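For reference, the structures are reproduced in the following blocks.
Note that subunit A is present in both complexes that follow, paired respectively with subunit B and with subunit C.
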Partner chain A sequence: MSILIEQLGSLTIVRILTDSVDALSAKEIEAAAGQLRDRTALDFGKVLFINSAGISALLKLVIEARKQGKKLYALNVTAHHRKVFEMVDMLRYMPLTTLEDLQAAAT
Partner chain B sequence: MNDVEISIPSDHVFERIVRDSALVLARHMGFDEDRTADLQLAVSEAVTNAIEHGNKGRIEIKVGVRFLLQNDRLSIRVIDRGGVLPHLPHGAQPHIEDKFADDTPRGLGLFLIEQLVDGVEMRSNDGCTEFTMWFDLKQTPAGGDAPAGPAGQEESL
Partner chain C sequence: MQPAPAPEARPRTPFTLLPPPGAGGLLSAPRAGRPAGDHRKLAQVRLGIIGVLAVLLPPALIGLGYPTLALPVLIGAGLLLIATGIGYTRGRRTGDIPSAWLFYAAADTLVILLLGALLGPFMDVFLIVVVVELARIYRHGRLVVAGAGVAAALILGKWALAQALGSAGGWGAGLRPADQTLLLAISTSLVALICANSLATFIQHYAREIFSYERIQEVNAAELHVAHEIQSSLMAPRELESGQWSIAAISVPAKEVGGDFYEYIPALGNSIGGIAIGDVSGKGIPAALQMAVVRTIFRIEARRRIFPAETLTRVNQSLQTEMQTQGMVTLLYAFVDPLEGVMYYANAGHNYPVLLNERVTELKLAGLPLGVDGDTEYDERSVPLHPGDSVVFYTDGVVEAFNPHGELFGFDRLLALLAQHRTLAPKDLVHEVLAAVEAFAGDTAQSDDITVVVLHHDLSVGRPAKGSSSDPARKRLEPATAPAGQPADAVWPTQTVDSIGIGSLRTSPAHNATEGR
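Take a look at the complex of A and B:
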């Protein structure tokens, strides 16, 4: 199991449990596309490595969220993963935030 | 000893072995955290490319990886049996919107490699493709306790 889905009110948290978001874990991460709510946050707190195959899986979530008119956010992203996300312009569609900010926005 | 060679079957599970080897190597050489992650990612992308596009995922065909420390440069050569040179984007920023219409949005690996390493070289010969990338050690901040070797000499991994 690579992901754990949690509901916090109107917010869905997709906790990525694998330390590698790569070709091997991509399918399970893509499966989160079926769990998107109005606001969904991906928690990268346990992730140590992301490559382009993993970014591809994340892109599929971004694409699905856009199709459904839903918002996607990223939590607990390391400095290097942030650098890589910026290189591929990912943060425009999956902005970084904190759980506190998301919860505050909901109240 | 100044080089390390690894040979893996063309399956993604073995790419993780090469990536872990890159981590050990980077820490041994005293790369800082950011440059270590750059090395791991660049190696992962090159090996993934060799598995998928070079050897077409045929597990019985090996991908060869050679880490070579020479002068002020760490080179990583990835060899597959595809015989086709990959098309480098030469720094062109990928348009993420273009991926939105794609069911399998890929094609970021070579772009990332170009952003992360200090140089890339490719050659195709006798049915093999050799993809070599390198890190200039003078530009690579040390973050650990590795000994710094004298310039102009081969150093030990």
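Take a look at the complex of A and C:
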């Protein structure tokens, strides 16, 4: 299992436990989409590499989530992947934030 | 540190002591797929051998003074003949030849067991033979070796015991010493024959598998080489010059074929017009196939219209209907107005192009990759390109190259490199980037396709083209320069887009920003 789902009040945190997000691990993340609540944060803290198949799967996930009216956020993204996310327009659908900001917004 | 992705392991032939499915042996099934004609011939040979043994052996045994052995041999031969008949009939009826030969093997095994029972004192030896043969049939290679070893040890032990104790040893009681010796010799020979056959089958199987694996590898390599040649020939020329504009490009797939591509769309009477660079997610043959589809759709759409944003939007819509994209495609399309010196561009999730003049500027324009959402509409921006300016387009294989320490080449390293070499000619700059990535990666396997395209607005006005027309790598933007064997419009459409009118481009409402100086 490469993901761990935690509930923090009304916020769902999907922690990605693998250091590489590829098509396989992205599928697991995609499979977890059914458990996403209205506000979900994907924690990329352990992720060091995301290949194009991983980006593709993530994009489809975040766009689908957005179409369902859910809000997705990205946590702990490296500078390199921040730029990649920006180029593929992922940040429009899944803005970067911090856990503290999310918790503060919830209270 | 970021771990470098491990180079993909070369597929290996598993070397376990397992027999091939349906591998042929003295007592077992032949290879799957053996034609029915072979089945008939093998059955005939089998019948012939058994018939000869059944006819010759009993009289010979009786003649030699061993009448008690003749009956078991006759019974065994009769059972084998019946089994062969049934197996052959089944094989012809069902067409499942390996299954028929497995039936032979089972019958052979039963006959051996029966003979062992009839021969009494040698039952244990034959049981081991049965174990060996069954193990081989049911593909437990290690049991075969173990069974053969135990059988050999038992036979040798019995022989030694017989030598030491003679007929008073208690085993084989009731038989004459000469009969004991003969039976021992027969059983030993039979065990040795079967064990040798089993081992020979394994050796043959693995030798055949290794040879066929190498042959398959050779065929695959040859086919991939052809695919590489085809893909290379379909790529746009690596160098182009047109008046004040020049382009150099290079694409290095991580495998023989890749998912990166670049393309030029001519304009204004075959002058430099559109430049596209794309990257299909994944690599190898799947990516190459998808790339071919994307590239074809792009070329069709780019010929129909001039605006990059509109082109990308249409390509994305076509991709949604024309193919079920499993991944995504990043594509950046820039269109140069060579008269005004302006480049218009739209981006579907591709790496930002980099403008080189006195500064190094990333032309930031985000967009969803193609194949992700069919409803996407792309933005468009423009940037003036003054004489001396260059624009570098690249794919993610550049910035995501790893070194042996697992570090990424990264955007910062690339921008610093471009700043250092921003005055180089396009061809030299392309090679400088590639050399830097190669030096950085060292022995680390290339993990992704790498493509770099450099567009340059020459300082000199109307200077003669660099290089000679005899340089095969250098192509001029003329219809006659299509690669050999291809019609001119396969690379440069004879119906150029100048009739659309560059002037209208500047009034397009799609242009929402201007970057650069």
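Keep in mind that, in the parts below, the second predicted complex is superposed on the first by the 107 of 107 C-alpha atoms of A that agree within 3 Å, B and C clash if a C-alpha of one lies under 4 Å from a C-alpha of the other, contacts with A are read in each partner's own complex, and residues count from 1 in each chain.
Everything below uses one rule, namely that contacts are C-beta pairs under 8 Å (C-beta built on N, C-alpha and C of every residue); 3 or more make two chains touch, one makes a residue touch a chain.
All values derive from a computational prediction rather than experimental measurement.
Once chain A of one complex is fitted onto chain A of the other, the partner contacts of A:E86 are limited to subunit C, with no touch recorded for subunit B. Within the superposed three-chain model, A:L24 lies in touch with subunit B and out of touch with subunit C [touch as defined at top].
Contacts of A:A53 after superposition on the shared chain: both subunit B and subunit C are touched. When the two complexes are superposed on chain A, the residues of subunit A that touch both subunit B and subunit C are 20, 23, 49, 51-53, 55-56, 59-60, 63, 80, 83-84, 87-89, 92.
Every residue of subunit B that touches subunit A in the complex is listed here, in rising order: 12-13, 15-16, 19, 33-34, 37-38, 40-41, 44-45, 48, 93-94, 96, 99-100, 104-109, 111-112, 115.
Against subunit C, in their complex, subunit A makes its touches with residues 19-20, 23, 48-49, 51-53, 55-56, 59-60, 63, 80, 83-84, 86-89, 91-92.
Residues of subunit C touching subunit A in their complex: 2-3, 5, 279, 281-282, 327-328, 330, 347, 349-352, 364, 366-369, 371-373, 396, 399-400, 408, 410-411, 448.
By the touch criterion given at the top, residues 20, 22-24, 49-53, 55-56, 59-60, 63, 66, 79-80, 83-84, 87-90, 92-93 of subunit A touch subunit B in their complex.
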